[in-house]
């Protein structure tokens, strides 16, 4: 029953439900001396909901205001646990009351009920709401600030929505400057517009869409990644599957590698300006579970939002008989754009932990004057 | 540097290198009272190397004999840690000595050297050898015996090798009876033969192939899976990425879900003989990180073996200049068949841990008479 | 740097400093279905400061009001992480500003400065303040409620203050009814009065006192305690040393056993009403790291409060030379009474974790109607 | 059920029973590049049994020969898990067969039977035998070698046996040169002789003795120790309670501090040769759970050996009635001398872990030429 923490040296513990008092995160193991403030975390929080095209999303547009409750003093982390939280304000709980016994298809309603004996908070999806990624994002904000001190850059973006796909992997600079200019969180703005149109179309039809989120990690030094079970790709994959709706994860060539031959897939090593690199990057920056110094490329498959307004077949768990359900309430026709910052945060948390574990980040960042 | 253990309540710790004295595993947290003997683990070990067509594999055909060193008394587990090990006998170390400074493309040679300062055991791949999966398999043997007491069945098999693919997911019975009749570990024996031919062809050309391993888990009760970061799919994916050469993992519909619409992807619930199930299984048996009671379907993408006999470009790390390498030594043109039991074992270890964590397996299996 | 969590299945994570925004705790792994509310935790918080004789304590008398921020719904735990927090209100930070470079003898000022590079929050002792036990107490409140469902009783009390000692171990009933009637938290009220007098006398002299806190655990079933390193006594001792000022821990006969002979120290087993017990209890209810079913008796030695108003020798860390310090500010002449509920809480947290680990507490407490 | 590992970054996993095939330890997280060989571990193993006066001990004098099974290559640790094991040879199992239903007073027979359902290996105490400390000692050997690279010295010795006590704490040099010259493991050789006489006397009377083991840690830098629950003293105490027969642990002034006043107990800081130290050391080298740079002084109380040849009262667990027992078999009249190296090892394991955690030991010790 205890799985709400991630990391071994940089540990994030998430708490909160969709309609509870607060959603928050506690970071334990952040080195002392990192400049950090509410401005940092607010910037990340503000990217969660695309304000450009609110029609793409559910009715719940919550302006979350992050509060640092501990662990920061005079603008620097102290080495003590950092708790950051937001209040839940926009809670319209009545929307969900009438379907308590009718598990929504492809939702966690049924499995959560089995696991928690029916005691789970049902309001707004409770602990299983996508809103819980707010905690991940706030924790990721600390991680990203820490990584940025060591020049490591984590950039997630939408690679595809439904059948609309970006043709090729964008440049780091393109991702950085363009991603958040589009509501779809796709750095190719023309492609983004098509994605947004397809979401609106799906919404009109009472349907939903999935997609693929890609993440590019640059400047991670070679040598990050622990042995065997705590391989860097293993822990990154684990982190991604904690983001709601992720059903697949791949690195570099990923599933396409299964059809390639060794001579095609093996990235040849080369010397470039006195540094070792590889000519291609089918391995996605990780070899033997350890970073190679090449950019890490990860893709996560996001399933279409389970909540759709079309009528669906389900069961009535009180009467134990077949039933129908029309999911009303607020729901996004496509969660991919909201998943982008959550995935970025989950990856950043994992990288901060692994950078510390591999000895690339010291336990204290200098001495205070 | 400590990542050689997996699990939180059923914990497997792996040790050993390709050419060291022993390869072994310690299982901590196995309930007392489980019937278990060397016969059980030997049966799993014997499935590692396909004896039907040895020409498909490297020259190193080692008959591993498992020894239980602790934790079992008079045919039952005692509750104390179970150590199982095999001796390394077939070690021809000279094969690798001349290429110590030439990292093999797509291998961990380079990253391991960076991480371990050059102190790693280079013989036969050392700790990064595929042979290390012997420890996983022995640990998995305990896990599978434990799971079998609770009727949970874990069956991995080859779904594709290179471009040769099984048309559809086989039945549980078919997998159980046919998989190990083929050297390719594919339950569709006609397809298996084509796979084997393609491996031999690749071998002849100095090439290598990858493929996809699929795993079907049946009878897992609904309600297994911990919250958020320790979601069942998160931990299963993590376990799979600890198996060498895995570059992608997906559940149920997986990456295909990214292109589907909600009404197609949502598995409708239904009552069947008084039990809740779903009509389809695009979610692959896991909802919200918790098992639904439906079969779990996982796929892992395996990259082509990095070791190929064709000449490749690399760097000389002593001279820091570009170089060429022709990997001699023994290597398999396709590791997919050997990956099948390793993946099955990694999954079994994770499931045993999660079954205990979720309370489905008690701490002691009865009282001794 | 990450040590702010305790437990493996029932995990408490503490956050907050003396003068930060909030002090709180997150409990992960509490079974769903436990009746719990703010009333429960408030009752424990209210026992922290003895209101009977405020002159025994520092000027800071804070009425802490506990807020449950997550994990409880309609009066029951949900299985999600439970966050409970209080606001810090009575923060008079200027008291400490002028002694930042003068580490107080026997305080953590010096060691914390070395460890955290001077970035630690210095206000009111920051993360090292005794006030941080508020988090432990709130977490312990959940643990005690859970233990009470299984009839396990944890009762701490003052056994001695300075040289004033209770003659013998009190009865469970005596402890329960009397302990909190005295400001000294000693169930022998006559003895308590002498203790309180000695504290006042020490205070008058600018001195401080230590003492011994004893804890009696009853009704813990036999069989609780994990193997070897996670022995029940090992984890209880660890928990006690996390309470500020604890310098020694012993079980049952404790240090006195070192001078006894086997025939005196060995507790003979006996049958009583069909149950196994022991005639004496020198082992303090734990054998081989596992509970025996007898009451567990633990004692913790508390050192005298380091803050005294007498002038003391120290060093000036800015000038790196010898110096003198007179600690002003608010401080208790004896922290033993405040340590009593903190120790009780630390023990309860450990027991809840071990009860779950040993399988005595299920993962879900029933089904909701 | 999983508690056979200790440490978070330098992790020791113990396996093996008194009469099983092997007893061993796996160290995960030891930095690569540490010179280490079987000679190192053998030296520590050889100190386990005092050969000077074998009459002080049980009949089982086993010459244990340590074998390194993994993790060391060409005289250096590789960064991979280090498995070290010994064979069990001197196993006379029949000694214990007839008392399976008669739990020996003060032994773990009863509690282990309750916990493991009777499946525990009963031969020679099985997993609960003092012989299991062989694994701790072998793991401690790696830890001590690592600590010695950083000049940290861990020296345990007998402080008292029964009522025979060393008058005062010996010098580091005295401990190092004299301790293992006496069978009692007491550096004051005159006192050691009295201790040995008292053990022989107790043996003659069918009795047993306990005592106190003290450990002096020198050169540990200031700043070692994690926050709150993972305080250095908390983890050291936990480690000590995992050594069989330990019933109390104290640091520095320990229990005596409970009776002291602040002005006596507070160690004044002073500058000495440009370094901060304290005039006295009542805090035993730890303040706020963090090392102060002063020597760490720990004492562990050891109870008298439970096995005595005098007849004792117990119960018959098959018949559930009162019974008598005379423990025959081999047993030591005093385990204190054997506990000395075990305690030293347990402490070294904890310190190695904490030195790594605090950043004082890097992840790799240099680069191989």
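Chains: A, B, C and D, in written order; residue numbering restarts at 1 for each.
Simple rule for what comes next: a residue touches a chain if its C-beta (ideal position, glycine included) is under 8 Å from a C-beta of that chain, and two chains touch if they have at least 3 such contacts.
None of the values given here were measured: they were computed from a predicted structure.
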Least step count from subunit A to subunit C, where 1 means the two chains touch: 1
Of B-C and C-D, whichever chain pair has more C-beta contact pairs: C-D
Centroid-based (C-alpha) most distant chain relative to subunit B: C
Geometric centre distance via CA averages, subunit C-subunit B, whole Å: 46
Centre-to-centre distance between subunit D and subunit B (centres being mean Cα positions), rounded to whole Å: 38
Distance from subunit D to subunit C - Cα centre to Cα centre, in angstrom: 27
Two or more partner chains touched - positions in subunit D: 1-5, 8-9, 14, 28, 79-81, 115, 127, 227, 357-358, 363-364
Subunit D partner contacts - residues on subunit C that touch it in the complex: 1-6, 14, 103, 105-108, 110-112, 114-115, 127-128, 132, 160, 162-163, 202, 207-212, 222-223, 225-231, 233-235, 237-242, 244, 247-255, 257-271, 274, 276, 278-279, 282-284, 286-293, 301-308, 310, 312-315, 317, 320-322, 357-358
For the subunit B and subunit D complex, residues of the former touching the latter: 1-5, 7-11, 13-17, 20-24, 26, 28-33, 67-71, 73, 76-83, 85, 115-121, 123, 126-127, 363-368
Of all residues in subunit D, those that touch subunit A in their complex: 8-9, 28, 79-81, 227, 357-359, 362-364
